[in-house]
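In this document, chain identifiers A, B, C, D, E and F correspond to the written order of the chains, with residue numbering beginning at 1 in each.
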Amino acid sequence: MVKAEDFTFRGLNKMGDTNNPVGSNVTQVNVNQLPGLNTFGISMVRIDYAPYGQNAPHTHPRATEILVVIEGSLLVGFVTSNTDNKLFTQRLEKGDVFVFPEGLIHFQQNVGHGYAVAIAALSSQNPGAITIANAVFGSDPKISDDILAKAFQVDKEVIDKIQSNF
Amino acid sequence: MVKAEDFTFRGLNKMGDTNNPVGSNVTQVNVNQLPGLNTFGISMVRIDYAPYGQNAPHTHPRATEILVVIEGSLLVGFVTSNTDNKLFTQRLEKGDVFVFPEGLIHFQQNVGHGYAVAIAALSSQNPGAITIANAVFGSDPKISDDILAKAFQVDKEVIDKIQSNF
Amino acid sequence: MVKAEDFTFRGLNKMGDTNNPVGSNVTQVNVNQLPGLNTFGISMVRIDYAPYGQNAPHTHPRATEILVVIEGSLLVGFVTSNTDNKLFTQRLEKGDVFVFPEGLIHFQQNVGHGYAVAIAALSSQNPGAITIANAVFGSDPKISDDILAKAFQVDKEVIDKIQSNF
Amino acid sequence: MVKAEDFTFRGLNKMGDTNNPVGSNVTQVNVNQLPGLNTFGISMVRIDYAPYGQNAPHTHPRATEILVVIEGSLLVGFVTSNTDNKLFTQRLEKGDVFVFPEGLIHFQQNVGHGYAVAIAALSSQNPGAITIANAVFGSDPKISDDILAKAFQVDKEVIDKIQSNF
Amino acid sequence: MVKAEDFTFRGLNKMGDTNNPVGSNVTQVNVNQLPGLNTFGISMVRIDYAPYGQNAPHTHPRATEILVVIEGSLLVGFVTSNTDNKLFTQRLEKGDVFVFPEGLIHFQQNVGHGYAVAIAALSSQNPGAITIANAVFGSDPKISDDILAKAFQVDKEVIDKIQSNF
Amino acid sequence: MVKAEDFTFRGLNKMGDTNNPVGSNVTQVNVNQLPGLNTFGISMVRIDYAPYGQNAPHTHPRATEILVVIEGSLLVGFVTSNTDNKLFTQRLEKGDVFVFPEGLIHFQQNVGHGYAVAIAALSSQNPGAITIANAVFGSDPKISDDILAKAFQVDKEVIDKIQSNF
């Protein structure tokens, strides 16, 4: 039985808790929170940024993202795929909109003086998110430092140090 | 040649002009305004509502819509397809989110005391919009009053009167 | 267990009952009547038109329609989306074929001297249909006359009158 | 510039020429004949069957087909894929509808006393058709009789004989 | 509960049994053998060819195939659809890659001096395969020789003979 | 004009040059090398691994990958998305097959005694590849060390050091 409640999510005006190492918080409204999105290929998030905070480099394995700045100033960027690895960045102010193409690594950094807020939509009801640092250095169990030392071309001690933070 | 500008749209913080019969305005950010959206299946709009204004009943022929209230209070609703034609409505406050399934007739009405603002995303880079009253009674050229009188089960004079408004 | 019966529907040669206000009848052959269509993105309908009858303005939220006239003469038309709202029409005779693009409002009117019959196919196994007059003025519960009066730019009395017919 | 003519095809009431070895004719209405179908994932055909005629075993590489008998009686069938190769058949009379799932080998045979006519729709604007006998034994250039003799487990003379007919 | 085993299939290095009339064997790795492929639109096969063996003319109703020769020499080919029925062939050596477009009839023949091996991938987790000879002449139950005699333009005795082999 | 050459790529038996920091090489056969793949949703690669070499952690933004080991022994793994970041690994021998789901970070490491070779297929004719280390630490221009230091929770000196390697 369809109910209007299945199509409603309340409270996206609440600021997320940005008291964490990267100084940001993502509140998700996808099919897990809003069942009416099922099969419809779209979802939404609110992103809060503490001063100097960032939404660290990440990808969405199944979605393109369109983001609008609600409050504050953001530096946003994405990196293209092999072999160019070109970085595209923009400084966005309140009301500016930016697109992060499907699957590319992207980030946002708060470059204003106070808190910042963005609303973003994603082209999947279940877009997923892979925070690069956490997936690469903080997986469960850890990826062997042998592999990561060669991939990042540093000593295993550097890898071990980064892994110990996650 | 890819440029960061192709992925950027500026100025969605500007209030649209709601000085029109329905008292609302839709500012679109789709592939026509933001070329970087091409093939990505997503777009965004800002909707402004004057006091007592509404985004009149309409459909998007190629998209589902997810809407969040940025400011004010809205009564939102959609009607299911034949033969039920069930109306689902909700009153939304700031921060509330609602889903309008692909192709269904839906509307939003400003039920607060001042202006209202919503941001919505659509599951197509080119979703289209069909305002029912304008398409049915205001097409160019007009649909014959013979057809509309029978469809709406009223005299042709009533149809002619409505058509004269568009 | 797959059975040939799941791929068979019988009796589309039977005339539908057109004894109703619009003088038409749609006999559907979609996944609800013909389980073998599941996931295949296609379905069929037969449309009967009494003399002077019409298949009133409607949309299919999930399908394009291709129609062929089997008997009689039809005036067919569709209206494009905002902001053009262009009406395209054609007079079709027996054997003529017409396309109604996905999600657009369209109609057929019997303009011959007797009954008319069409066969149409739709690009979804579950295309849905939204009869504009019924969804807008005959929903359950009704859309408030406040909203509709402003949308159609007429007095609430006119809206109440139309709503009372559904 | 969109024109109503792009959405119109005239003359599907004309009987096709069935004076050929299999005694049938397919009149196509796909994106090649009807440009308005472009990207819409649907098309139509009329099939005429002389007495004792058949629409010989064939596949559509990009479409499911739904067929309705307009006149006469047909025996229709399709064969499932490896390793079952189950044949499903039905006898259809006027007004009966049947589904041929995407890519499967299927056929129709006129089993009535006079001419038969069917209208079918396909789930692609460009469905393609592969008549098995023509593609296997009548390709240009011919497939080597070495290959076909082993595939069909007969002497090359039998293959050569069949090939000489196409 | 996701397990690494669901994403693993072991033993594709084993030669398949080519002791059969066509002298080839296909080892499938699709969603039936490898559950982790579900919804991902890809699968794999290994094909072994005895000397003089062939992978007889067949189609995949839901997939394009890309094939690489691991060992030996193959003559490969596909036939386009109506009305051209053009045959395209190539001789492939170890390390050569070829594409068989979705739904088209295609084959491979061992034209080297020993066994041959190919690995192929298909653009569906459940591509299906229709071996033309088996589906047309070896279905269960058989297609009537009346239909096949007319389709292949030979006497029923020839059809009966071919059918008796399957 | 279609030509058999458009469907053919030669030489995937050639070993790629693994004389580089990670000790691996990917030879691509996608729509850029093989035009006949266009629109067909599939492509292929050959991956060579020097002793102790690896195909470093990377993602494909538009494809799932299915890989088979042709020679040698590989440790393969992928990491799930937020917030679990579960690492799934397997040791694969010659003939073993593994699936890397769309968009997830994955890698292969040569764990045998000599060179290793794999063939993999991807569910896109243009899958793209993002090598995490290169995109994050070696983009052009570089991502600011401010952002990366916070993301990876290390001093900027560590970031600068890693960046200097790319």
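We adopt the following convention: a contact is a pair of C-beta atoms (placed from the backbone, for glycine too) under 8 Å apart; a residue touches a chain by one contact, two chains touch by 3 or more.
Fair warning: this is a prediction, and the values are worked out from it, not measured in the lab.
Undergrad: Counting one step for each move to a touching chain, how far apart are subunit B and subunit F?
TA: Counted as steps through touching chains, the separation is 2.
Undergrad: If you average the CA coordinates per chain, which chain's centre is most distant from that of subunit F?
TA: Between subunit F and every other chain, the largest centroid distance is to C.
Undergrad: Report, in degrees rounded to the nearest 5, the angle of the rotation taking subunit C onto subunit D when the C-alpha atoms are fitted.
TA: 180
Undergrad: Quick one: report the Å distance separating subunit B from subunit E, using the average Cα coordinate of each chain.
TA: 51
Undergrad: With chain centres defined as C-alpha means, what is the inter-centre distance between subunit B and subunit C in Å?
TA: One centre to the other, that is 23 Å.
Undergrad: Could you work out how far the Cα centre of subunit E sits from that of subunit F, in whole Å?
TA: A distance of 29 Å separates the two centres.
Undergrad: Compute the distance, rounded to whole Å, between the mean C-alpha positions of subunit A and subunit E.
TA: Centre-to-centre distance between subunit A and subunit E: 44 Å.
Undergrad: Please list all residues of subunit D that touch 2 or more other chains.
TA: Residues 86, 101-102 of subunit D each touch two or more of the other chains.
Undergrad: Just say which it is for the chain contacts: an open line, a closed ring, a star, complete, or other.
TA: Per interface graph, the chains form a ring.
Undergrad: In their shared complex, at which residues does subunit A touch subunit B?
TA: Residues 2-4, 7-14, 29, 34, 36-37, 40-44, 63-66, 68, 70, 78, 80, 86, 88-90, 92-102, 119, 121-123 of subunit A touch subunit B in their complex.
Undergrad: Quick one: which bits of subunit C touch subunit B in the complex? Just the residue numbers, please.
TA: The contact residues of subunit C facing subunit B are 21-23, 54, 56-57, 59-62, 77, 79, 81-82, 84-87, 101-105, 107, 109, 128-144, 146-148, 150-154, 158, 161-162, 165-166.
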